[in-house]
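Heads up, the thing below is written out as structure tokens.
So that you can tell them apart, the chains are marked A, B and C in the order they are listed, and the count of residues begins at 1 in each.
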Amino acid sequence: MSPLAALEAILFVTEAPVPVSELAEVLEVTPDEVERLIEELNANLEARDSGLVARSTAGGWRLYSRPEAYPYLERFSSSATARRLSTAALEVLAVVAYRQPVSRAQIAEIRGVDSDSAVRSLLRLGLIEEAGRLSLPGNPAVYRTTPLFLEKLGIGSLAELPPLADHVPPAEVVGALEETFRPGVAEGA
Amino acid sequence: MSPLAALEAILFVTEAPVPVSELAEVLEVTPDEVERLIEELNANLEARDSGLVARSTAGGWRLYSRPEAYPYLERFSSSATARRLSTAALEVLAVVAYRQPVSRAQIAEIRGVDSDSAVRSLLRLGLIEEAGRLSLPGNPAVYRTTPLFLEKLGIGSLAELPPLADHVPPAEVVGALEETFRPGVAEGA
Amino acid sequence: MTYHVSTAVFEGPLDLLLQLITRHQVDVTAVRLSDIVSEYLAYLEEMRRLDLDVTSEFLLIAATLIQLKAHALLPADAELDLDEELALMEERDRLLARLLTCVTFKDVAVVIRHRMQEANRFVPRISGIDQDIAVPAPEVVIPTDAVGLARIAASILAAPKDEPDLDHLDFDLPSVQAAIDELRVRISEEVTAGFDSLVAHCRRPVEVAAYFLALLELARWGFVEVSQEDWMSEIVVRHTGRGADDLTSEWAAP
């Protein structure tokens, strides 16, 4: 069997993205050769009108079905249908992604609300995990995102997260808020 | 997307063989056309030196890795990616450890998510095993942990598992509260 | 924790406050603080009526809002204690910073949702190595120890209904029960009183909030009637003449 076919078989059976270095070891070729083989594999898949594509996420490679096939898969199996995260869970996920490692109390402070059930459901879905404990009374746990989170987001590393600065409210919103809360200034009445 | 590519995507993601009739329905073509597409798919896989093959088993079709890939998959199975238990598998393992004997349905109910592939992977890794069947419709299997599990965890018997009560989080909650009400937490966005 | 009150659905006090502000900003550019404060307090009252858990977080923000409103209503030439003034400014800035942070994360969460939906259309295979290939099972690594596994089990097996009840913890909050007891005496004597005069002696924002809750409790028992001309005006409290001696408040110490 050619290294190209072996590569495809590995990317097919793996349950998580495989780093290039591991592929090189298993295939007994150099990392550069792995990169070249992946390129060749994707070129082949494209040329043969395949429903599959090799993608790099979370620091490794894995085979996926093409996004155009998604409507068929939805019709076919419920497992392909993503469980929709609640807004609360998404907000907690965003806080953990940008502030990791972060404790439940810090998440609650940012969101202004107890977020325990959202944290639990993210832990259960494997999108976040415990990353140690603080040396504070009660030793609260701190959380970080997992490689699965990167894979689900389709990015290679946390550095590829959209810059948080792009999402700070624009100056006029900040101004309006400050106006509202400055005693005696915005109070016409 | 062509029906051929869609077919390949379905046979890729499916966990169990898919009958021709079901494929015909999802792809909106006749069963004869499905048979023809499967033949075309296998010809394409062959032509592009793929590590995969579509095979018919148990009354349905599914993609498999080619038998020649065996030595590579064997090597891959001892790589770090393949050896590391996923978060989902770890959770299922924790549930089985403390609730054995337990069925898949019970595990899914406790975790709130479908846990079949995690159960399968733990079975394959030899960390859990079947411990009999329930006298319920369908005679579902129940699972228990194995001696390998004890060995991997470094304990002599199940009696040495730490009691759960020690880990219910009131202390953490108290710590978290103190943190919440500690004034002056920096909050720059 | 999600709250459903009247037509609003909100996740805690910051979210409620943001929704109130946004709702006003649709119509006008400058939002009046007093409108926001009154509406926020009205929601708290409604939450109490619906027996929803008004957490200390709601009360702390209410207290800051009440103080800011009170401050804004002072005449321009009023003599102010500089320390108090500074403390209030600090509270306000902290609240503003929290609102802005909260908005920022809400905004980026939408982008993350969108990215996840896009990425979700790439579906991986999850079946692993097929059993019929008979690849020997790898020498598995359990990435935790027995204590870690117990912790995982505890977090999964602790169903939501077993969530620890925080109500009994002492936040060093002023006692609502004490405020109820005191108000009952004072209102019996005065028959009608303005809320502002009833809390004139309070030093800390949380104390005002405690009296506010006490008032809601008394109104619930029918011991007092509470009225307000509009959102802006003072809350007027009137003694109904009904005795409430035999009633025990849920704020009573256990």
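Note that in this section contacts are C-beta pairs under 8 Å (C-beta built on N, C-alpha and C of every residue); 3 or more make two chains touch, one makes a residue touch a chain.
Please read these numbers as outputs of a predicted model, since none were measured by experiment.
Colleague: Applying the touch definition from the top, give me the chains sitting in contact with each of subunit B and subunit C.
Modeller: A
Colleague: Taking each chain's centre as the average of its Cα atoms, which is closest to the average over all protein Cα atoms shown?
Modeller: The most central chain, going by mean C-alpha position, is A.
Colleague: Taking mean CA positions as centres, which chain lies farthest from subunit C?
Modeller: Of all the other chains, the one whose centre lies farthest from subunit C is B.
Colleague: Based only on mean CA positions, could you tell me how far subunit B sits from subunit C in angstrom?
Modeller: Spacing between the chain centres: roughly 41 Å.
Colleague: Please compute the C-alpha centroid of subunit A, do the same for subunit C, then give the distance between them in whole Å.
Modeller: 31
Colleague: Which whole number of Å gives the spacing of the CA centres of subunit A and subunit B?
Modeller: 19
Colleague: What positions in subunit C touch 2 or more of the other chains?
Modeller: Each of 57, 98, 100-101, 104, 123-126, 128-130, 151, 155-156 in subunit C touches at least two other chains.
Colleague: Send over the residues of subunit A in touch with two or more other chains.
Modeller: In subunit A, 12-13, 15, 63, 65-66, 69, 73, 79-80, 108-110, 123-124, 164, 168 touch at least two other chains.
Colleague: Can you list the residues on subunit A that touch subunit B in the complex?
Modeller: Residue list for subunit A touching subunit B: 1-2, 4-10, 12-19, 22, 25-27, 44-45, 47-52, 60, 63, 65-66, 68-69, 72-73, 75-77, 79-80, 83, 103-106, 108-110, 121, 123-126, 129, 134, 136-141, 146, 148, 164, 168.
Colleague: Over in the complex, which subunit A residues touch subunit C? Could you list them?
Modeller: Touching subunit C: residues 12-13, 15, 53, 55, 57, 62-67, 69-70, 73, 79-80, 82, 85, 87-88, 90-91, 93-95, 97-98, 108-114, 116-117, 120, 123-124, 130, 151-155, 162, 164, 167-169, 173-174, 176-184, 186-189 of subunit A.
Colleague: In the complex, go through subunit C and note every residue touching subunit A.
Modeller: 1-2, 11-15, 21, 25, 29-34, 36, 55, 57, 61, 68-69, 71-74, 76, 88, 92, 95-96, 98-113, 115-126, 128-130, 151, 155-156, 160, 163, 232
Colleague: Okay, in this complex, where on subunit B does subunit A touch?
Modeller: The contact residues of subunit B facing subunit A are 1-2, 4-10, 12-15, 18, 22, 26-27, 44, 47-52, 63, 65-66, 68-69, 72-73, 75-76, 79-82, 84, 86-88, 91, 111-114, 121, 171-180, 185, 187, 189.
Colleague: Quick check on the complex: what are the subunit C residues that touch subunit B?
Modeller: 57, 94, 97-98, 100-101, 104, 123-131, 133, 135-147, 149-158, 162, 164, 166, 169, 171
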